Amino acid sequence: MTESVLKVEHLGIAFGGLKAVEDFHLEIGKSELVGLIGPNGAGKTTIFNLLTGVYQPTEGAIYLDGVPMVGKKPHQMVAAGIARTFQNIRLFKELTVLENVMVSFNHTMKYSILSGILRTKNYWKEEAAAQRRALDLLRVMHMEDYADQVAANLPYGQQRKLEIARALATGAKILLLDEPAAGMNPTETTQLMDAIQTIREKFQISVLLIEHDMSLVMSVCERIVVIDYGHIIATGTPFEIANNPKVIGAYLGTDDQ
Amino acid sequence: MDGFVIFINQIINGIQVGSIYALVALGYTMVYGIVKLINFAHGDFIMVGAYVSLFSVPLLVRMGVPAWLCIVLALAACALLGVVTERVAYKPLRNAPRITALITAIAVSLLLENLCMLLFSSSSKPFPTVFNKSIFNLGGVQFNSITLITIVLSVISMILLQLFVKKTKMGKAMRAVSEDGGASILMGINSNTTISITFAIGSGLAAIAAVMYCSAYPQVNPYMGSMLGLKAFIAAVLGGIGIIPGAMLGGFVIGLVESLTKAYISSQLADAVVFGILIIVLLVKPTGILGKNIGEKV
Amino acid sequence: MKLYVNQKTAYRSYVINLIAVVLVFLLLKGLMSAGIINSYVAGVCMTVMINIILAASLTLTTGLLGQIALGHAGFMSVGAYSAALLVKHAKDSGVVLSTPDGITPAGYGYFLLSLLLAGVVAAFFGLIVGIPALRLKGDYLAIITLGFGEIIRVIIENVKFTGGAQGLSGIPRLASFDVVFWLTALIIAILFAFVRSRHGRAIKAIREDDIASEACGISNTYYKVMAFTMSAFFAGIAGAIYAQQMAVLGAKTFNFLKSIDILVIVVLGGLGSLTGSIVAATGLTILPEALRSFSEYRMVIYSLALIIVMIFKPSGLFGNYEFSLTHLLSKLRRPKSNTPAAGGESKQKEVTKA
């Protein structure tokens, strides 16, 4: 790890009296792939919601390239460089695949409302460029054949991939993937992981991955953070994690529980 | 002292109108709670109830039974109307976009109003006396028997409704369907029957409100339901739509606000004040006074 | 690589559409001068155009943004009164707006100025209402906009300068068929162009999933308020035309039933379809006029028909479909040529129509 892209310190949030996440630390380097695992209800998605501004933390700090992020709204988080996918797919169902991706370019596009209505030179230039970039991205995800289709009509696996493409299109420095392989068959999962690896190399992007498929997490992640009841219980390489008694305890239960 | 008497009279007025609003609001709220539909036709059920009472009073008198029994006939007619409306117009749209159902409800409202106009003409008809109007005087504060009957009858209806919803099996089924329609079907609840009964009760309450309203303001016309319905609907939203005690609370709040505004500020501005309060409440607490805030899970 | 944004084909379609609009205009003018369209029918045409603008403007909020608004008549009334007061003031201060021969150049100027004023004032109200109201969604937004609409009405009924409950009369009739025709065409063109810009795309994304749109970098608040304000702007313009066609205004005209009328047009036409709004606005304006001889049954038939359409075609007459002249022409030219994938066709359609 050379320099950290994302740095999280003492992050915590309480809902009423319940501390859903407490004292969460994380550092992710450039194009590093870190796994975030833990039993159901451990607080993984809550951490994603904190990192993307959906929830405001009650304590702690988030830095992206050294810039403090706490207090920003979700769309400002995206502009700063944090993008995500959702556990339950949230596509723009009635828009085409291409449009889904192009929505993510919006915050970088410049032409004004008037320009759009009058169809000025800027409109044509930016729209054409956006389309070209969107098609490029779809090609990386092997989805260019679907460009014209309405997102709702895509097969399940493709929908998951489109969410990733859409998140990538925001120009993010770090991608938060919430169970991207959920519901996929082994072939689809393998293809997805290949795609994620390609993305990391091509776009030099860091990835934080929530995943339940252990073999998958163990095989692709460089580092894994394990949480339970909102606390970090272990951090380390896949090998270390696999042999950590605390982790085994959290998943299987220990004798004293 | 005089000012105080006027004030008390306005409060009594407000409670009287408020209890009518509350009865109507209950219909809105129960229906919304169970099918998530703003039943715009509900106000017109009041109007239908009023016409049914209007025409049944002479018959009842001829048969030698007390005129106030027209409530029973109106109640039955409205309950039937509510169930039929739901079955014919709303049921096919349960899975359609919300706005489609909303427009259908508006269309049903227009249909009822215009049918009645066609049948009974648009001019107002006087409503016969069904309750003897005797005036009581309590330390300078005057109120009449109709006020008393209205308030008492409304409170009794609300208590009965609350008991029904909390204690009976059907009441539990209603709460279950409004909580989660899909799951309640899996639990063996017949959601169609439950929804029909909800419409029947809600519309029946509108019939009671109709007789009470017409006793206080003895005129019947095809449009009488629309503003009354709108106010009651606001009451339901104010209290927290879908919540039964909320509808009652909202009804009384709107009744009091309206009555006091008319007395002390301006009768023209009463509507604006009512809407203003609605807006403020919604902005401060979007789900109404008694509503629970439910954020969407990400 | 196939690019969907193509300046050349788009410009060709603009020209084709323009020619079509000119032809419609010439046809109507021809029928008028031949006396087939009398002044009564011409009046109905004006109402049709006003309703088209109203419905198309509400489509921004209801179709594009996907939110139910029940206060559209409020914005229309604000525009109507602003414009009426301006032109009345001009007339009272001695500007010759019209002569028995017709509307003077000053009259045309004041008409356009009044529309601009009406739009801006209505948009301002849209902004004031929209910023707090758009924090709510769905039925709650419907209710709060209904509330705002009614408050606007009650205020207009109770202040002096709007003529209060008596209303405003003696408004110069400056709405001429020609100008209103081209304005309607222009407004529809603007709306089509807006829908197919990045802004329109962002607003559609919010409609589809407002949590995902934020996660794609869209500021929901900004775009929601934008759609709502634009919607109010065009409603204000429609109001201004209405005022200068009717010559009298009463606040009661703009109650929530009027808002519902407009909403019915939009929903009946098909929520996501500007084409549908235009067709429904035309149909729903002409039909009651045609049924005049059955005037007692008119509203009964109307409401029954509405229920039936909603039950059997819940997505409205046109659903999401947008008519494209260019697409139709290219289809006619080479029937059943190598048809691309269904999705591709719809995309093509969208871009070329723009």
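Labels A, B and C are assigned to the chains in the order they are written; within every chain, residues are numbered from 1.
Simple rule for what comes next: contacts are C-beta pairs under 8 Å (C-beta built on N, C-alpha and C of every residue); 3 or more make two chains touch, one makes a residue touch a chain.
This one's a predicted model, so the numbers in the text were calculated from it and none came from an experiment.
**Student:** Need the most distant chain from chain C, centre defined as the mean of C-alpha atoms.
**Tutor:** So the farthest one, by centre of C-alpha atoms, is A.
**Student:** If you average the C-alpha positions per chain, which one ends up nearest the average over all of them?
**Tutor:** Chain nearest the overall C-alpha centroid, as shown: C.
**Student:** If you average the Cα atoms of chain B and of chain C to get two centres, how far apart are those centres in Å?
**Tutor:** 35
**Student:** From the C-alpha centre of chain A to that of chain C, how far is it in Å?
**Tutor:** That pair's centroid distance is 41 Å.
**Student:** Averaging over Cα atoms per chain, report the distance between chain A and chain B in Å.
**Tutor:** Chain centroid spacing, chain A to chain B, equals 49 Å.
**Student:** Where in chain A do residues touch two or more of the other chains?
**Tutor:** Chain A, residues with two or more chain partners: 54, 86.
**Student:** Among the residues of chain C, pick out those that touch two or more other chains and give their numbers.
**Tutor:** 211
**Student:** Would you give the residues of chain B that are in contact with at least 2 other chains, written as numbers and ranges?
**Tutor:** Touching at least two other chains: 298.
**Student:** Show which residues of chain C lie in contact with chain A when the two form their complex.
**Tutor:** 1, 3-5, 7, 10, 190, 193-194, 197-202, 204-205, 208-209, 211-220, 226, 272, 320, 340-341, 343-344, 346-347, 354
**Student:** Enumerate the contact residues on chain C facing chain B in the complex.
**Tutor:** Those residues of chain C that touch chain B are 62, 68, 132, 135-136, 138-140, 142-144, 147-148, 150-151, 154-155, 157-158, 165, 211, 256-257, 260, 263-264, 267-268, 271, 296-297, 299-300, 302-304, 306-307, 310-311, 314-316.
**Student:** Using the touch definition up top, name the residues of chain A that touch chain C in the complex.
**Tutor:** Against chain C, chain A makes touches at 52, 54, 73-75, 78-79, 83-84, 86, 90-96, 98-99, 102-107, 109, 111, 113, 116-119, 123-124, 126-128, 130-132, 135, 148-150, 153, 166-167, 169-170.
**Student:** Which residues, counting only chain B, touch chain C once they are in their complex?
**Tutor:** Against chain C, the touching part of chain B is residues 32, 36, 38, 89, 92-93, 96-104, 106-108, 110-111, 113-115, 117-118, 226, 230, 233-234, 237, 241, 266, 268-269, 271-272, 275-276, 278-279, 282-283, 286-287, 296, 298.
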